[in-house]
Amino acid sequence: MSAEPLLSIQGLTAHYGPVRALDDVSLDVPARGLCAVLGANGAGKTTLLRTLTGLHRATSGRVLLEGEDITRLPTEKVITRGLAHVPEGGGVIVELTVEENLRLGSLWRSDRRDRTTFDQVLELFPPLAERRNKSASTLSGGERQMLAIGRALMARPKVLLLDEPSLGLAPLITERIFTLLRDLRDRTGLTVVLVEQNAAGALSITDHGFVLNQGRVAAEGPSDGLLADDRTRHAYLGF
Amino acid sequence: MTHFINLTLNGLASGAAYAALALSLVIIYQATRLVNFAQPALALVAVYAAYTITQLTGSYWIGFAAALIVGLVAGALVERVIIRPIAKTSQLNAIIVTLGLLLVIQGGVGMIWGNEQHGFSYAFSYVGRFSPADGFALAAVGAVALLLFLVYRFTPFGLRMRAAAFHPEAARLSGVKVGLMLTAGWGIASLIGALAGMLAGPPFISPNVFDVVFVFGITAAVVGGLDNPFGAVIGGLLIGLGMSYVSGYLGPELATLSALVIVVLVLSVRPDGILSRPTARKV
Amino acid sequence: MSQPTAQREKRTAPTEAAAVPRPSRWAVLPLPVRHLVLAALGLAVVTGLLFVTGDLTALRIAAIGYTMLAIAGLQLLVGGSGQVSLGHGAFMMIGAYAMALLVLHQPMLPISANLGIIVVVSIVAGLAVGAATARLHGPYLAGATLILAVGLPGLAHRFHDLLGGSNGLNIRTAGVPPFLQGLVSTSEWRALVVWTTVVIGLAVLATISSGRLGRRMRAIRDDETAAAMAGVPVGKTKVVAFVIASTAGGLAGGLQAYVLGTVTPSSFTLVLSLTLLAALVMGGIGSLWGALWAAIAIVYLQIWATDLARAMDLSRDAENNLPIVFFGVVLILVLRFWPLGVHGALQSLRARLRARNS
């Protein structure tokens, strides 16, 4: 763990109506980190990501990205600061083509490096290259997830937030996506926060894990440690 | 036979105005799921502004440009000031508010310019079988539709607009300022609505001049599919032709009711309009 | 945390104790009876009002009556099954012309028979339109009914000989029956006839919406697919809702013709249909009270605006247009600040007052 965390969440609290979905959550993600956020349904994982990117308003607490406070920024500003968020289900726009979906991810960038990023992303996901002019609605579930990740990468983010990329995918495809995330981190130094229900799979590729329970951080530690800790596993992760 | 050809040409020309109004309805519907009942009222303001400016300057084309600008600004303002705070609470309420706006603007125009008709001279002659005015109407709407298509399909702005309309959250997560896109959409839609008004209004304008045009415009949008701009254009031309034949062969009083027959027939075969995309039902 | 809870318990306890025995006797009555009793009460209130006010107000009270019936029918449709109709005025027109034709061609028939025939005519018209539009949903239905509202008045011009063209039809209906002569004026008598019909209609509507049909309609409104999977006959229920709404509209139109003595195509414009729907949402969509506020708003906003225009000494154009502008502004403001309409606002006000008192 390096000294200065890239993404620092400090005492974050958020509500859905009267329900406290996040309760004083604090966690740090180091640069080049690959972290898993785990927990049961309704533990607050999705709310955590949505609050980070401003889709949901925090009641209190702070989110710092490279030491800068981004808690109150509107979503579209947060994105330009370097946070990319792949929502649950991917959020692929099926009315657009594959290429349009990808281009959308980098539209806000003024630089002209888009072409190289675009080529890199297509290289990363060969199925997308094959279908780049087809409507995104023709893609399979796994390909849509790839497209969603590809669109997020088009923004050249500092931190990539992923909400349950394995949802509804076959185990083999899930494994491929997980491996890809790990390679990506190793090769490019991208920081990744992976929200997952599939705890075993997520812990096997990440280096650090946080376990949420009823909106609070119930446990945290190196992934292999969490994997080995029977008590945490039985209590929160259900395997 | 000549009668038939005349009716066909007239139908296409009036259909152009319906197509433009339908297009403006579809742009807003796509982005907000609202049928904007205030659309004819915004067009009314634009056309009366054009009338006044034409009177002052003596130039039809300055008035024409003024109409488009007034349409653009009025649409954007209405979205920002009136619709946005209400659309947050309830969809139905927002639709009803556009109704309220229709009443306010129509009445307001009557208060300012009077209920009686004003003659609004036109840049082209509108006598004859396929008059220059008819030709201008078709060409103008065709050009606008083509331009709109090119902008939406091939420019970054168009991509942002489409993303914001189809999937606002995904658009925001891609850094698109969705609120700004909404305002822009209302502005563009009202500009096209103002164009429809300039084509359908003259030679005489009065506060109720667009009531029937609006009905045919909404018919065109519904027949073509509220989700599809091409459908709106095709629907507009179809309705123009249909109304022209019905008026010519059966009598003008029945034109509006026959629009109902067309809607019911088309929608009973295709409930979401001619060009609707089959979409998955969200359960 | 624990203190407020205790307070709330203390607050509700006495009211509950006092309230329990009373509704139980009331609650054992079957629903239709309860609604009829309420209807009789409503009629008594209106009768009382008629006696303390003058002739002019009687006409206004009558107008509120038939407007409320029309809006209540629309409410069953929009609030119940979620179908938005912009063509309610068309059914009022059908009822009004039916009344005029009956009076002109069958002058012997009593008013009650006329109203009965109008119900049948409206049911037939509602069935025809409802069946034709049963597959349409949301804005598509709204669009189709909008065209109906704009197109139907054209018939009066097309069939000029029968329907009188733009001059419409003028009728003379029977005045006060002999045994009441001297007791009530003609206007008061007409208001009474209107309100008797209206309260019966409202009782029927209330009974329907609290019964099985009402539940089915709300199921469809909330989720059509889920309702269909739960065995609700979606198409049939929608058509029935449409027919009931059109019947209320037709009856309202018939009563309007009866009170005004004249029927013209220009009284059934698009603006009427839009105003009915707008007023309904403004009044509050969930309750018959909303329909009452809506009807009062339609009748009195018009009167106030006209008075205001006179007082301000405006030009004729301004004076003619002020009512519609006034109505639109009130509509926008109400929906901006009270999203649930006047009824919703009153309810939350009552809840707040009750909270303060205890």
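Annotations for the structure displayed:
Going in written order, the chains are labelled A, B and C, and every chain counts its residues from 1.
To be clear about the criterion, contacts are C-beta pairs under 8 Å (C-beta built on N, C-alpha and C of every residue); 3 or more make two chains touch, one makes a residue touch a chain.
The model shown is predicted, which means the values in this text are computed figures rather than measured ones.
Sorting all chain pairs by how many C-beta pairs they have in contact places B-C at the top. When every chain is reduced to the mean of its CA atoms, the largest separation from subunit C belongs to A. Central chain by Cα centroid: B, whose mean Cα position is closest to the mean of all protein Cα atoms. Put simply, the C-alpha centre of subunit B and that of subunit C have 32 angstrom between them.
Separating the centre of subunit A from that of subunit B, both taken as means of CA atoms, is a distance of 42 Å. Separating the CA-averaged centres of subunit A and subunit C is a span of 53 Å. Of all residues in subunit B, those touching subunit A in their complex are 156, 159-160, 162-163, 166-167, 169-178.
Listed in rising order, the residues of subunit B touching subunit C in the complex are 29, 35, 37, 82, 85-86, 89-90, 92-93, 95-97, 99-104, 106-108, 110-111, 114-115, 207, 211-212, 215, 218-219, 221-222, 226, 251, 253-260, 263-264, 267-268, 271-273, 281, 283. By the touch criterion given at the top, residues 78, 84, 132-133, 135-137, 139-140, 142-144, 146-148, 150-152, 154-155, 157-158, 223, 225-226, 270-271, 274-275, 277-278, 281-282, 285, 314, 317-318, 320-325, 327-329, 331-332, 335-336, 339 of subunit C touch subunit B in their complex. Those residues of subunit A lying in contact with subunit B across their complex are 53, 55, 75-76, 79-80, 84-85, 87, 91-96, 100, 103-105, 107-108, 151, 155.
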